[in-house]
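See structure below.
Letters A, B, C, D and E mark the chains as written, and numbering starts fresh at 1 in each.
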Amino acid sequence: MNIGRVIGTVVATRKDERLIGCKLMLTQPVNVNEETVGEPLVAVDTVGAGIGELIIYTKGTAARHAAEKLQSPIDAAIIGIVDNIDLYRDLTNKK
Amino acid sequence: MNIGRVIGTVVATRKDERLIGCKLMLTQPVNVNEETVGEPLVAVDTVGAGIGELIIYTKGTAARHAAEKLQSPIDAAIIGIVDNIDLYRDLTNKK
Amino acid sequence: MNIGRVIGTVVATRKDERLIGCKLMLTQPVNVNEETVGEPLVAVDTVGAGIGELIIYTKGTAARHAAEKLQSPIDAAIIGIVDNIDLYRDLTNKK
Amino acid sequence: MNIGRVIGTVVATRKDERLIGCKLMLTQPVNVNEETVGEPLVAVDTVGAGIGELIIYTKGTAARHAAEKLQSPIDAAIIGIVDNIDLYRDLTNKK
Amino acid sequence: MNIGRVIGTVVATRKDERLIGCKLMLTQPVNVNEETVGEPLVAVDTVGAGIGELIIYTKGTAARHAAEKLQSPIDAAIIGIVDNIDLYRDLTNKK
């Protein structure tokens, strides 16, 4: 899983019918300092994530398990809201 | 899922027979500013996407679900047409 | 799926027995201008691709479907010969 | 699989219920010199890994096998504690 | 699949029990000139690969098929020893 921030939503009227009712959240991957890493992806929300929240997302078949839609075209899903990151900073650059 | 733009089509007469009838769309990944990111991929259209349209695509097993061809060699599919991206720009670089 | 060019073959006498009879093609990913992108991979040919041909390849479980060897260690396969790429160049850098 | 170092934990009260009881370890990928490579991911611990330990992690469906939670949204898991890396340094840059 | 060189082994006493008996080979991805590309991964040997040998490895579910351990946490496996790479060099930079 990876950490990201919800930075928006994507509206698509014409879409796979198995996505109807799914909230498509624009999710920006971030690092442990909550800084932007790479480009945003579109993840289905499964935990009631709000705009601006720090979240955990999963990819691939795991995302369909998260959404409980195994036969769907979903390949990314938000599965948790981050309360806190306990980071041992002296380890992050340890040789 | 990711956001892309349909920039062309790929014609292949000699191909896996399970691809017959599939439209192979050249799909350019784009960022939230609709700028080019990385190299185009070939995705099967499942929603009637047109050249130039901004779309959502999915990858892996999810793409075979999208195409409803589970036993096929498809690993990327277009699953929605983007109407709008609601982006909270002040969040995109938030520390 | 992605576009590549067949640039060689790989010979391996000692290998997983489920690869016996599979042609292992050295496949160079290319962009829409047919320029080299990243490093070559080894893909199983399923369509009679020849050296130098522009092809479509697939990855992951999709490759085992292509080869019709679901229980094999194959994770990449050539699934089509590209006849033509219809590219709308004015879209490739569109904002 | 890849080698990483456990550099922290992630606390998430609101999450997929199938993650309850799973320890979410912030895992920094490292190279053979134990130097940082890329950004940390969130992996479920399945072997009792401690903060600062060098570990082996796996991704995708393999991670759900590791956690013995096949129907869960897990896509990364720690599956071993590294005792030693036997590296033949003269091979690392061999042409 | 990709080409790599076995550059060492990883010793892990505390590990997922389904890895017991598996040889964990430190595998350096290489290009067609046998030069280092990116960082090493940990792959399970299934063909009796030796230190220093040029090999073919596979990833994901394909690796569990290779190891014939479908329910295991394996996500990378060595599946062949490269005897020869027949490379058509004039094609590698062809436009």
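Assume contacts are C-beta pairs under 8 Å (C-beta built on N, C-alpha and C of every residue); 3 or more make two chains touch, one makes a residue touch a chain.
Source: prediction; values computed, not measured.
Asks: Smallest number of touch links from chain B to reach chain E?
Replies: 2
Asks: Need the CA-centroid distance for the pair chain C / chain E, whole Å please.
Replies: 19
Asks: Let me have the rounded angstrom distance from the C-alpha centre of chain C over to the C-alpha centre of chain D, please.
Replies: The computed centroid separation for chain C versus chain D comes out at 30 Å.
Asks: Could you list which residues of chain D touch at least two other chains?
Replies: 60-61, 63
Asks: Touch graph across the chains, line, ring, star, complete or other?
Replies: Topology of touching chains reads as a ring, each chain with two neighbours.
Asks: Mind sorting the chains in ring order for me, with chain B at the start and chain C directly after?
Replies: Listed around the ring from chain B, going to chain C first: B, C, E, D, A.
Asks: Considering only the defined contacts, which chain B positions touch chain C in the complex?
Replies: Result: residues 5-16, 18-19, 24, 26, 28, 33-36, 39-43, 51-52, 60-61, 63-64, 71-76 of chain B touch chain C.
Asks: Chain D touches which residues of chain A in the complex?
Replies: Residues in contact with chain D: 1-3, 29, 31-32, 37, 46-48, 56, 58-63, 65-66, 77, 79-88, 91-95.
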